[in-house]
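Order of writing sets the labels: A, B and C. Residues in every chain begin at 1.
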Amino acid sequence: MFNSTLIPLMVVFPLIAAILVNFLHKKDRSVKTIAIISSIVAVVIPILTLYGVHLFSGHIRTESFPEMSKLLIPDVYMGIVYAYGPLQKILLVLLTIMTVFVIFLSLNKKLISGVYIAMIFISLASVSAIILADDFFNFFVFIEVLTVAQAALVIAVRETKSHKAAFKYMIFGSISGGSILLGIALLLGVYGLLNMTDLSNAIKAGGALQPIALTAISLITIGWLYESGLFPFHVVKSNMYENAMPEVAALLQLQSKVVLVAMSIALLRIFSGYSLLKSVMLGFAIFTVVVGSVMALQQTDLRKLLSFVAVGQAGLVAMGIGLGTSFSISAGIFHAINDVLSMAILFFVAGFIFEAYKTTKVDKIGDALQKIPLVGLVMFLATLAISGVPPFNSYQSELRIIQSAVQAGYAELGVLVILLSVATFVAIIKAFYLIFMRPGSTAEIDPKFKGTMYKTIIVVLIAMCLFIGLFPHVIYDPIYNVIVALGV
Amino acid sequence: MLDKIYEIFHDRMIHKGKGVGVGSGFTSEFLMISFFLIAGILVLRTANSILFALGSILILAAILFTVPSVFRVEKENTDSINLTSFYVAISIVTILIVFFAGSGVLI
Amino acid sequence: MEPFQTGAFLTAGVLIVAGFWAIIMMDNLLKKVIGANFVGDGVNLVLIGIGYKPGGLIPEVTPHFHASAIPSTFSHFLAFNEFAELASYPLPFALVLTNIVIGASTLSVMLALSVVLYHKYQTLSVQKIFEAMEED
């Protein structure tokens, strides 16, 4: 029963849930029930599904009649293909679990309606499709859907700042969407293919890249920079994180890091023989790392600070991928997973503080450790986790990134990674000190607010961080095997 | 020169939380300087070893003139849509030039 | 390349460059939105241009070919080889249809946001709207 035919369900099921809760708008009780049940089912589906390939409409791989179609390879996929393997499983389980947490935290908010939950489900469906799709156009479609859904989640805050952030996001999203589709169109024109596996084989068979294919790579790289929130677009992304509700910001940074991983792997697979692409990725990643952490150090608002830290960490993930060896790519992906977890804790803590104090300005809050000691302790542990202190998970991945940088012959980048973690630590511990330990608070805590759900979830997440830190091979080994098998 | 730098940081960062603000200002300045050094060394090391010796001294000299560079970074990374547009345009052109020149199509 | 294709690609190039120019350089919210739409239209035109073939059959509309057809029973159907020679490339049309739908939805969200921002600031100038962001 549980076989690979469940693969499309990972995309279809959240979409159905989204449509349902959308129709039940304003009927809060039924929206809540459906949201809880379907988010839990969404976690179960990727766990039960077996690895495999799903061919839509059953179109199998067929001959391409090279003399007639002028394709460079003898046989091609005739339909859309979804591939599900260990890497996809890890990413999807992480994605769905975090979505459950975010939905649980969102359900008690006032601004919550059916449409809001529907947007969370649509973004879940699109990220799942981006992870699974082996077809470039399908990939593009869901990237666009994801952009609209994320913008809608930010618009739902109903403040002018968030409207502006969403407008900026959409405008630059149209640049990136146009670039990606134009790149796909040019590749379709040159090679006549959309399937990533076939495209990769055809590009290998075609020899040196023509100028049109080079234009296509450049355009898709621009799209990649936007989707992962790297250098020129880091301000847009951090603005989105900052103006969303903090728990949704945790979801947004998770989604953009997962898209970063999925899209980098797609790019590296398609243009596997083209080393310049990796250098360009590495260059933009280094820039993002430095700018992100320097900007994080300047902020006085916890949400804005965390947004820039999230952007800088995305740069670190991209740096691992851009180094281009199997070791560094798997270290980068591993860091994406670790970082998503510890970043989510920090955003949830920000959400808790926002609910309790109605502000996240660090200079207004003080002395919080006596009032909310558990949250303070978890935030301190999460700060240690994200700066790569040994018992926690980010230590394992940052160590691997540094090792791979040295192995690849860029020892300087190892130094830069260490500096980044120091800067991240200073930035967050500054906020921690000001909020939790500095005497004299001007903002008052809301005595009615308990936040039991927040406390439970952050404790669960810090336990997950500790578990991955102690047993990294559970997550790391499958990733490494997949990357070696891909041969990128 | 160094005593002046402390004054500059103290003036600019005082509204960002007293001693902690100055500390984070120094940390970010340190990060920027190390980044310039590392990037310069990386480029020169992969290019030529004679250039490397001269270049790293030149970089050090150049960095000392840009101190403090943090506030400039902050100014360039505001939420303004125009600045972002400018950097997006620059990046698009850079990517096109790198890919075309690097593949030997342009040159 | 056919003359139509050359024309289509040139027009598309003009549209895309004009769209990017509008998004990056122009100071008006609506002009930016129109620019974003231009980019989408230009890309659609590129896709249509790729699939074009003078006098080609349109696979979506005319059932000229059936995979299991025997020419004697279905005399109006073509054999695969013949069909593949004559037909235009069907894939880009499907892509264009999808992209039009996506473009319409993003366009509507952007326009709605422009309306909201205009009501708040009583101006369409991006410079003025996003300057106000620095203060609050």
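Note that in this section a residue touches a chain if its C-beta (ideal position, glycine included) is under 8 Å from a C-beta of that chain, and two chains touch if they have at least 3 such contacts.
Keep in mind that this is a model prediction, so the values were computed, not measured.
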Among line, ring, star, complete and other, which one matches the pattern of chain touches? complete
Decide which interface, A-B or B-C, involves more C-beta pairs in contact, and give its chain pair. A-B
What's the chain with its C-alpha centre farthest out from subunit B? C
Expressed in whole Å, how far the mean CA point of subunit A lies from that of subunit B is 27
From the C-alpha centre of subunit B to that of subunit C, how far is it in Å? 40
So which stretches of subunit A touch two or more other chains? 164, 168, 171, 175
Residues of subunit C that touch two or more other chains sit at 23-24, 130, 133
Mind pulling the residue numbers of subunit B that touch at least two other chains? 78-79, 81, 88
Give the list of subunit B residues in touch with subunit A in this complex. 15-17, 20, 23-25, 27-28, 30-32, 34-35, 38-39, 41-42, 45, 70, 73-74, 77-79, 81, 83-84, 87-88, 90-92, 95-96, 98-100, 102-103, 105
Which residues, counting only subunit C, touch subunit A once they are in their complex? 16, 19-20, 23-24, 29, 32-33, 36, 39-40, 42-43, 46-47, 50, 81, 84-85, 89, 91-92, 95, 98-99, 102, 105-106, 109-110, 113-114, 116-117, 120, 129-130, 133, 136
Flag every residue of subunit B that touches subunit C in the complex, lowest number first. 78-82, 85-86, 88-89
Any idea which subunit C residues touch subunit B in the complex? 23-25, 126-127, 130-131, 133-134
Can you name the residues of subunit A that touch subunit C in the complex? 65, 68-69, 137, 141, 144-145, 147-148, 151-152, 155, 160-161, 163-164, 166-168, 170-171, 173-175, 177-178, 181-182, 185-186, 188-189, 192, 194
